[in-house]
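Read through the structures below before going on.
Below, subunit A partners subunit B and then partners subunit C, in two separate complexes.
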Partner chain A sequence: MAEEKDPQGAPFSHPKPYGSGVTRRQFLAVAAAGAAAAAAAALSPLRDFGGFPPLREMLQKHFTELTPGQKKEVLERIASQLQEKYGAAPQLTALPPMDGVQYAYALNIGRCVGCRKCVYACMKENNQSRDPQIQYISVLQMEKGNIDVEKSSIDYEGQVPKEGHYYMPVQCHHCETSPCTKVCPVKATWREPDGIVVVDYNWCIGCRYCEAACPYHARRFNFKEPYLPEKDFNPKIDYLSNRPRPKGTMEKCTFCLQRTRAGKYPACLEVCPTGSRKFGNMLDPDSEISSIIRDKRVYIFKEELGTVPRFYYYTDV
Partner chain B sequence: MSNLLRFFRLSAGEVLNGDWRYYAWMSALALITLAGINAYCVQFVHGLGTTGMSDHVSWGLYIANFTFLVGMAAAAVMMVIPVYIYHDHHMHDVVVFGEILAVATLIMAMLFVTVDLGRPERVWHMLPPPLGNFNWPSSLLTWDVIVLNGYLFLNAYVAGYLLYMRFLKREPLKLLYIPFVLLSIVWAVSIHTVTAFLYQGLAGRPFWHSSIIAPRFLASAFTAGPAFLILILQLVRRYTSYNILDGAVLRLRDVVQVAMAINIFLFLSEVFKEFYMQTQHVAHIKYLLFGLHGHSALVPWIWTALGMNVTAFLLLMLPASRKLKWLNAACVLAIIGVWIEKGMGFIIPAFIPNPLGEIVEYLPTYNEILICAGIWALGFFIYTLILKIAVPILTGRLQADTEPHSAGISGDKAAVQSGNLKTGVSPGRWGRDKAPSENP
Partner chain C sequence: MSEQDWKKTDAFRNTEIPTLLLIAVGAACVAAAWFFYTNRHTSEQGPRAFVMKPEYYDISPVRTVGKKLGTMGMACGDCHSDPTDQDPRTAPEIHNKVVLKHGSNNRCFNCHNNGKRDFFAANGGGQIPFSKVETLCAKCHGPTYRDWQRGTHGRRNGYWDKTAGEQKNLVCIACHDPHSPAFKPMKAAPAPLKHNTPGETH
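For the complex of A and B:
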């Protein structure tokens, strides 16, 4: 071979493995031991890993594909896990949508005073993480005379309402043509027959494409293990709604389906001191929501995006 | 079958043996990869809160690198087109370097998406039913999974087949690779188009919602990819006996030149559209270029990138860049410029301000940067490893009838001397000629 004939031409040629004091076998043994130690060091943070969930949970199918038997089993498993974690026995349901119901929400933008009671009532009802704090509702303090959100402020403080301002709470708009469900690569978020956009927290892979697609900044991701103190745990929970979420998954407003599918109002509406929040079945012509959509001056936030929200802003005038 | 076993045995000998610089380079890459794995373990245990991302800027450095690398992979096709469509023999033997680059960059791109997942153990949900619940054709991310895996297969197959045939000293059967090569040309355009559609389809992000994104992506990819190959080809011919002619390098210069011109043109076109009427949507590009309400984290980055791109372009337009020294400078500038411009400069501003007008900036954490470095190091590790096998096959030193002993010990540099680098004779077409060192 050429390299043996012309050593001059090979200034960088490989040193002969048998030429030095160390044999190839010894060298490889040291190298292998070093590699094993380095690999162990690299993997050392895994010592803090709490372990994977049980195999049956990891292999659980998509919620809409579970048979009634499997669904029961899943609910029992989650209930017992939660009881262990929070001490209280949860009332875990998987309420189905009601026939002939299409939910819609209307917010009286002329009345809202920006007190943020809805924000915290929502958090209590829906078992959001307290640290880091996750909130579904953003209350924008808008400058009077324009509807440019870029001129709004979300972290206003002190007495409200402030002179020269009005308030515009934003939460999930439960769009009819929802960009978030369209982009989800695994159908972990979808629109239920009653119009509520939900997430299967056991199916979401945490890619956050839905969060990038949402024009209303309505989605929240569990960047850390959510922290919910035992005393704050609300045991009345639903699978698709306010059960505590795991780390690394997406969550959002579900119109409090654990309440609304049982005929109650959402928590944000009940707590509102000004009556700015209205909710109901838009298929029922006699409902308050139908009359607002029919008779009031209603506008849709970012209507030009074609999202067709089930969330309307209106004024009394 | 025994040939295949022999191929693996000889390849193993090839990658385990090298000079001190090979060991130093691979050890350094292995160490950085391990540091990256360590950082990923931290992220895996504690969640994506270990990154700088938030509900406001929900994609960051990972997706930025992903975008850049998909472009690099797509650009491998720029080597293929002249060879197979225009029968440009300057490029014939270097095509395989592009295909190997595509393999390495695709693996990196897929790793970058994987480390971005909040629940990586659920990635099987992406499989088609009945196992997973693949949202095809609605979600562009599922399209991306299909086209990236398909492209990985195409490039691994074509490069693997051609190299293996060369190893066996057999003429490759045209029917077994030309259709795949032609398919890979169309496919290359598709991977970057799909990746662009991933962003430009989102009406809620005005910075991305522009029909110019896919062409921009292709232009910047065809800038950075061939620029990278220009550097790689020179390294290969410097450190091995594999003979790559200046003609091939200069042909790639033409590609980089034109692609950079188009890239800058499309960027300016976007800038004009945003600033002429100054709608509310101008906020994002204002944040990127000049800062917004006192927030300006990206401003120094983007001006560095634009400066590099323009300098690279000017250099490429001057005859001076026919000299390799200047060409290399232009290539380094172009690669870094494009990496910033279509990575951080494209992903982050779409989130700032957020859809409710709030400005929350993004700064990657140390842990996040380590993970990125780890993936890059692993990519270079894989690329070097494949080149270590591919180059001796191309020179003809590693063949089915090679003695196992001599296979391991590199004589590449010697072959350069005794070979025909200076005479400028190409080592010949696939599998037909003997190795240069065996020429009389």
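For the complex of A and C:
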């Protein structure tokens, strides 16, 4: 078929990176079979940088199947769209996972005071929409001696910690058997070899199945055009993490992939005034994360679900 | 249905439906184009209630460590040349900012070197330079000190991968006031705006 070729003339392969299933193209075709309005709605996530999406964007292959040359082309195209929108020239990378590295995160639940600095350091780093407000971390205020999250509150204000309470920040747990990636009809979200669960915002069709599947309520949907003031734009971005998202796509914590794959700590850890947040390579026996798994009392949130998170809660002794 | 009606319908079917369809599709296209155009810049409208303030994400620790210790711009040794035979629990008027609330660790010379005030006190009268304050704390907080060395107490900044860049370990007194070491309460950054609450997503 004529349209089965990509713009460079290379044979176009259907994106089926992980097992079979409906492809994104087939899924869109079904959606478009309705009326013109339905087609417009299905395309809407793609149109956000002004006008219709370029043909190339619509024909892009699945990110994990792009050749280095094609990847470069995609990055250049996105970088120029962003420069137009935010003024500053972004440093857009597509950092690969490192060999011999498996990421894990641990949070000292006995030490966190609930100050929410992690929440805002995360927003600053990851270019989340300011309006509607999108935050990846929810800090739950819990009653001491009670582990029932249904009784927690997130709207506390003022001096912290509050008498008789402890605090439990929740964000993406980067599960080894991630329920969110399994339900994605188009494979727009998957688990990388280093354990980070990512979303390709160009591929996401906004069906929100993953959001419903996540037991940690860690996924956030851009139900409106995201608003990010130019002065707040962080130009150090990666394709699979903190580049600005279009309307109609899903996003979440990526362990600050743009930082961590360059060897840095995630932004939420860097800012924590109590030092409750720990991150590193669990394959390195000398890392703080290995030490915690070995020597501390570690808890897994909703362990009974069998999600096998890479995010642990711990206490001393 | 009469023959006449049949013809009418037939004629309708053969000619007018395609025409109507064309018009409908054309109208839909125009509508879609208008939809795309008008939705482009909606992000620039409406009130912006939320403003990111730098103090919400400032990474500096809760306490500034006195780089060059002293009082009134002078080194400790400028006023304290000889050791005293006192070991007080409360600071004299001249050091009135010092309020000791460190549990049963309640004497100045548990930590300060009596003979050489510009040093901390190691066990057995030895000296610990101000820059090595963690060795002072280690005297009495062995397990916490070991955790700090492993990175499980306190905070490391910079690079988790030390082959890629520098890693800094915050000193104890960047978080704890040595004279009253309990971690101080702080003001929480604002709660999330209502629509963001998990309650709405489940």
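Operating definition for what follows: the second predicted complex is superposed on the first by the 267 of 317 C-alpha atoms of A that agree within 3 Å, B and C clash if a C-alpha of one lies under 4 Å from a C-alpha of the other, contacts with A are read in each partner's own complex, and residues count from 1 in each chain.
In this text, a residue touches a chain if its C-beta (ideal position, glycine included) is under 8 Å from a C-beta of that chain, and two chains touch if they have at least 3 such contacts.
What you see is a predicted model, and the numbers here were worked out from it, not measured in a lab.
Peer 1: Who does A:132 touch here: subunit B (first), subunit C (second), both, or neither?
Peer 2: In the superposed model, A:132 contacts both subunit B and subunit C.
Peer 1: For A:204, select first, second, both or neither according to whether it touches subunit B, subunit C, the two together, or no partner.
Peer 2: Touch partner of A:204: subunit B, not subunit C.
Peer 1: Taking the superposition on A as described, I'd like to know which of subunit B and subunit C A:159 touches: first, second, both or neither.
Peer 2: So A:159 only meets subunit C here.
Peer 1: State whether A:182 touches subunit B only (first), subunit C only (second), both chains, or neither.
Peer 2: first
Peer 1: Mind working out whether A:114 is in touch with subunit B, subunit C, both or neither, as first, second, both or neither?
Peer 2: The answer is second: A:114 touches subunit C but not subunit B.
Peer 1: Looking at A:233, would you say it contacts subunit B, subunit C, both, or neither? Reply first, second, both or neither.
Peer 2: Once the two structures are laid over each other on A, A:233 reaches no partner at all.
Peer 1: For A:292, using the defined touch cut-off, is the partner it touches subunit B, subunit C, both, or neither? Pick first, second, both or neither.
Peer 2: Once the two structures are laid over each other on A, A:292 reaches subunit C alone.
Peer 1: Which partner does A:62 contact after superposing on A: first (subunit B), second (subunit C), both, neither?
Peer 2: In the superposed model, A:62 contacts subunit B only, not subunit C.
Peer 1: After superposition on the shared chain, which partner residues are touched by A:265: those of subunit B (first), subunit C (second), both, or neither?
Peer 2: second
Peer 1: If you lay the two complexes on top of each other, which residues of subunit A touch subunit B in one and subunit C in the other?
Peer 2: After superposing on chain A, subunit A residues 35, 39, 44, 50, 52, 132, 138, 154, 211, 217, 224-225 contact both subunit B and subunit C.
Peer 1: Within their complex, state which residues of subunit B touch subunit A.
Peer 2: These residues of subunit B touch subunit A: 17-21, 30-31, 34-35, 37-38, 41-42, 44-49, 51, 53-56, 58-59, 113, 116-123, 125-126, 132-135, 138-142, 145, 198, 201-205, 239, 280, 283, 350-351, 353-358, 397, 406, 408-411, 413-419, 437.
Peer 1: Can you tell me which positions in subunit A touch subunit C when the two form their complex?
Peer 2: Interface residues on subunit A, with respect to subunit C: 35-37, 39-40, 44, 47, 50-52, 98, 113-117, 119-121, 123-124, 130-135, 138, 154-161, 211, 217, 224-227, 229, 232, 260, 262-265, 267, 269-275, 278-281, 287-288, 291-292, 295-296, 316.
Peer 1: Enumerate the contact residues on subunit A facing subunit B in the complex.
Peer 2: Answer in residue numbers: 1-17, 35, 38-39, 41-46, 48-50, 52, 58, 62, 65, 132, 138, 140, 148-152, 154, 170, 179, 182-188, 203-209, 211-217, 219-225, 246-250, 302, 305-306.
Peer 1: So in the complex, which bits of subunit C are touching subunit A?
Peer 2: 25, 28-29, 31-32, 35-37, 39-40, 42-43, 46, 48-50, 52, 56-59, 61-62, 147, 150-161, 163-165, 170, 175, 183, 185-193, 195-198, 201-202
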